[in-house]
Amino acid sequence: MADRLDQFRQFREKMNQRILDEGNLSINRFFSLDGKAYEPGSVDALTKEFAGLSASMVLRCDDCIAYHVIRAKELGASNEQLFEIFNVGLIIGGSIVIPHLRRAAALLDELDESK
Amino acid sequence: MADRLDQFRQFREKMNQRILDEGNLSINRFFSLDGKAYEPGSVDALTKEFAGLSASMVLRCDDCIAYHVIRAKELGASNEQLFEIFNVGLIIGGSIVIPHLRRAAALLDELDESK
Amino acid sequence: MADRLDQFRQFREKMNQRILDEGNLSINRFFSLDGKAYEPGSVDALTKEFAGLSASMVLRCDDCIAYHVIRAKELGASNEQLFEIFNVGLIIGGSIVIPHLRRAAALLDELDESK
Amino acid sequence: MADRLDQFRQFREKMNQRILDEGNLSINRFFSLDGKAYEPGSVDALTKEFAGLSASMVLRCDDCIAYHVIRAKELGASNEQLFEIFNVGLIIGGSIVIPHLRRAAALLDELDESK
Amino acid sequence: MADRLDQFRQFREKMNQRILDEGNLSINRFFSLDGKAYEPGSVDALTKEFAGLSASMVLRCDDCIAYHVIRAKELGASNEQLFEIFNVGLIIGGSIVIPHLRRAAALLDELDESK
Amino acid sequence: MADRLDQFRQFREKMNQRILDEGNLSINRFFSLDGKAYEPGSVDALTKEFAGLSASMVLRCDDCIAYHVIRAKELGASNEQLFEIFNVGLIIGGSIVIPHLRRAAALLDELDESK
């Protein structure tokens, strides 16, 4: 299980570097803006991760959901809190969110087991 | 300006009532779940509104954005905070979010003027 | 109220003709396929309208919803049946479908009044 | 081939149970509403599955498509009928539906072979 | 008719300025990246507008479609060329693109009349 | 790596044939329109592939992206050009496009290695 998580992280890191190395200035700047969007400001970092998580759920992007779940856990989110945000995503996005919710719940369990 | 906001609220109230009066039990239960999704629990009410707002922005639903902006302001959100959540929605959802961001900013100004 | 419905129909007819007159063969063929998709075959016409309606709801296309609601009523659908299909669209598509559900319910009432 | 189908069903069952066990009341109620949306009422069960199928196709959710195809077959739908509903989804949703149509057709053949 | 076009441009300009004046650094940088994405590079400016137009069509964003149609006309695109790109958007995005195609065709005629 | 690409092509060919053999006239005509949408006309073939690519990116369809990247390379597109179109898709569609951009960049490298 932990292998799948490692694979995801490694492909992510490797391809992000590959894309940055291409030297398309605009893409590189977008990647920088993407990273900064979740830094604390008037709104704290965990709240921004929750906002990113609900948006990723309704857009049904597994990789994005995984990223925000991992970050939220690192920032101290409990599973109970994550499920309340999952619920916001589920109510807004409907039953087509459910397959992604299943994979998000499986990821949560992998993260808890790998501690 | 305030007229447009009132019209939005009146149509919303009237048609919600019309739908509930139809007596489709499942739709009525969904409306109830929708209302409860933003009640405070392990996650506070404002954070849930922010999560609802970012999800509404990336799905580009003006009525939903308006609802969450109004609720977030009622719960004490500052414009600076709202713009940080707008930014999360913009980065995740891309430039197609911009027309909705324009209307959200116009709504913010209407709300500030009508105080 | 009936005026708004007439306006919708007139703009629709006028612009469909404008597009066909442009003479882009592929677009014209697509319009023809679009019309034929709802003709009865192994599946009857009303069931196809219901399938078109639920798909239009989850994609949140007001004009498409209006078209399929009008056609379904012409084919004998009751409001109770339409609300059951609205419910399928609502459960699959989530609360962002609600603003479109409000407008669909308002259209139903306009259609009933204009009889 | 039948293995892949079994895997899908097992992961689905296991994670649905995992999610229900978390005890988030709102998510559990939504799951219940989701199940009830396809029960017969004024509209029969198969028509509701067809409405769910076309909506799942245009939203391009493979797991949802698989679920509704399996249910429609259980309720007696012929492949000819399913392809007519696939066509409704294809015309409404466009060529981006095609990769999902390929997988839906492959699933149909798996289901026919496993009988 | 030209009034509607002017209104669109004025609201766009006014609200873009309003958003930039808010001083959210990340949003302002995103607006800058958005403008630069269509500047000529290895790919010429008109081709980038066509790529922006097809993407805007399949995402069904009327304001974005209007922007790219106007820019493409300024860069010398013929209506015949625009309809070929409309066709790409229609085939990829399906019949739900049609209401936006109608409005795009109406805009083309407004632009031709206002010359 | 080249194996994965071959597998994609083989499944695509096999299932397209399976679908055509079903004999649903409307689906078969749609497949024909889909193929013709990218033939040169007033707009050249490569520009149409770029328009198809940006639309596929914002709709986040990996198979569609792969198809248009392969076709664009066959028509002589450089990686620098492809990344400029990737950037258009990224700016319009936002950070949820990034997982697909990673896979598109990996595909580009596979194509370059298999030459």
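So that you can tell them apart, the chains are marked A, B, C, D, E and F in the order they are listed, and the count of residues begins at 1 in each.
The rule is simple: contacts are C-beta pairs under 8 Å (C-beta built on N, C-alpha and C of every residue); 3 or more make two chains touch, one makes a residue touch a chain.
Here the structure is a predicted model, which means the values were calculated and not measured.
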*Match interface A-D to one of C-D, B-D or A-F, accepting only the pair for which over half of the contact pairs are the same residue numbers.*
A-F
*If you tally contacting C-beta pairs, which pair wins, C-F or A-F?*
A-F
*asked:* Need the most distant chain from chain D, centre defined as the mean of C-alpha atoms.
replied: E
_Classification of the chain B:chain F interface as same or different, half of numbers criterion_ = same
*asked:* Roughly how far is chain B from chain C, centre to centre by C-alpha average, rounded to an integer in Å?
replied: 26
*Distance from the CA centroid of chain E to that of chain F, rounded to the nearest Å?*
23
_Averaging over Cα atoms per chain, report the distance between chain D and chain E in Å._
36
*Shared-contact residues (touching 2 or more other chains) in chain B*: 26, 30, 33-34, 37, 56, 58-59, 64, 80, 84, 87, 90-93, 95-96
*Draw the chains as points, connect those that touch, then say whether the picture is a line, ring, star, complete or other.*
complete
_With touch defined as at the start, can you tell me which chain E residues reach chain F in the complex?_
33-34, 37-38, 41-43, 47-48, 50-59, 64, 78, 80-81, 84-85, 87-89, 91-93
*chain F contact footprint on chain D (complex, rising order)*: 60, 79-80, 83-84, 86-87, 90-91, 95-96, 98-99, 101-103, 105-106, 109
*chain B partner contacts - residues on chain D that touch it in the complex*: 26, 29-30, 33, 36-37
*For the complex, which residues does chain E have touching chain D?*
58, 90-97
_In the complex with chain F, residue positions of chain A that touch it_ = 11-12, 15-16, 18-19, 22, 24, 26-27, 30-31, 34, 56, 59, 61-64
